[in-house]
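All chains are identified by letter, namely A, B and C, in their written order; residue positions are counted from 1 within each chain.
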């Protein structure tokens, strides 16, 4: 069996977000090889009318049932209620979605307010995660796979205007200012 | 989305064998229509080098990881419940050890993130157990006797600095904040 | 009257600015920001009473606003500084883009389309194995690390709030000083300033009053003390 087939099986049984390197360790192959196969699996599954999708959130991957089929899926499992988002939560999530991974000072700067409490709140709800990056002094914040699953997107790049808002020149400028 | 796509999602999320008529009921279509789509899904999945297969046993249908990939799938699942703990897992186990018995909301509050998945993993590993206490509405979590024995301790109070860390004011302070 | 925005209707200084500009039906430019500066300041009073913990965030923007406005008033005296990073108007435009984008996110979220995972029946180990990094010592280290992380941050914000209020009071006190006395030395005013923000605020507060024609400046030579006098003709 090919590596791609093995990755397909691992994603299927794992049923949770997996880091590229974790898949690589299970197959005893390099991260690069895994990534190439994952791209192929995305092409295989993420097309209209597919009942299964491959989600990507940064370096994490998860196999899920298509978000379009939520209703019928809920006949066979406990439904997850999304719950309301307040305006500040929504705004913070949006900035983290488009600009993540992002540090707290950068986020504060963009929103013009201290986002500490809201970030804590969003982490408790499992929508945002904090990563202690080796290369950074400050922790960075990113959205979680759970959030992506509830938006019904396969990847954040599907958000409208993602490329433009993600690589906004002012964000680079703000980061330098700090 | 087509019925075939919906059946694909249903087989995926169910994680167990499903009767044709049960699928038909969920989709509100006839058994015959479901069967026709299931045959198509068999053609789609049951081919060489696929990582997922559709099993048929009489009137029951199940989506599984390919039999050829059993080794890599099982090794992966086993590695999830053995081997080194991840940092979040270790921290969760730590809080349960020093502050247990503890409810999930209390644990989430202390760690600042939702610990649901991690608790499940720690229970699978036999490190933590869930107890439905009569006096409590919510189940409480504590470490298992097996784990305590392997730590070489007679009681958790023998953990380093237990007295000080068990009821640390910073942790007690969190509870008050809510 | 539609001019009064409800205090609880905005999340922060940028949100307030955006709503003020929007209310005046202006597009986001430095001129538009200069126009709504007065209104922005009127909200600081209410904020001080009701949401003092947020005052610091608002003052950061307030200082930049007054700087912008003074630059607008005294273009010849204050050459535009270069390379100071994105301007306030640019920052607000950027903020607006994310506010707009958050509507899309809200729609996606509200549709309740959830992509579900599955639950593979768990594989259980036949016998208990102790993870190599779960000894008592590992637990202890991890607990100490956690407790340090949970160290409350309260003392710092308290100082910030006090400081924010003192800056706000500076603006009020200049107005008050001028109400009673006739003349005021700028050097004396700045002597009490504790940091750059206060100096800037003091200076800008004065510029603000000049613009309102409530005060005049007197200076005998280029580097002499600036005397602030009350305009008696008003």
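In the analysis below, a residue touches a chain if its C-beta (ideal position, glycine included) is under 8 Å from a C-beta of that chain, and two chains touch if they have at least 3 such contacts.
Just so you know, these numbers come straight off a predicted model, no measurement behind them.
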| item | value |
| --- | --- |
| Chain-level touch network, classified as line, ring, star, complete or other | complete |
| Far-end chain from chain C, centres as C-alpha averages | B |
| B-C or A-C - the one linked by more C-beta pairs in contact | A-C |
| Geometric centre: closest chain by C-alpha means | A |
| Centroid spacing, where centroids are CA-atom means, of chain A and chain B in whole angstrom | 20 |
| Mean-CA-position distance for chain C and chain A (Å) | 31 |
| Distance between chain centroids, defined by C-alpha means - chain B, chain C (Å) | 44 |
| Chain B, residues touching no fewer than two other chains | 9, 12-15, 77, 80 |
| Touching two or more other chains - residues of chain C | 116-120 |
| Chain B to chain A touching residues, read off their complex | 1-2, 4-15, 18, 26-27, 49-52, 63, 65-66, 68-69, 72-73, 75-77, 79-80, 108-109, 112-114, 116-117 |
| Chain C residues touching chain B - in the complex, by the definition given at the top | 116-125, 128-140, 142-147, 150-152 |
| Residues of chain C that touch chain A when the two form their complex | 11-15, 54, 56-57, 60-61, 85-86, 90-91, 94-95, 97-99, 101-102, 104-106, 108-109, 111-120 |
| Touching residues (chain side chain B, partner chain C) in the complex | 9, 12-15, 74, 77-78, 80-85, 90-91, 93-95, 97-98, 110-111, 124-127, 146-147, 150-153, 158-161, 165, 168, 170-171, 173-174 |
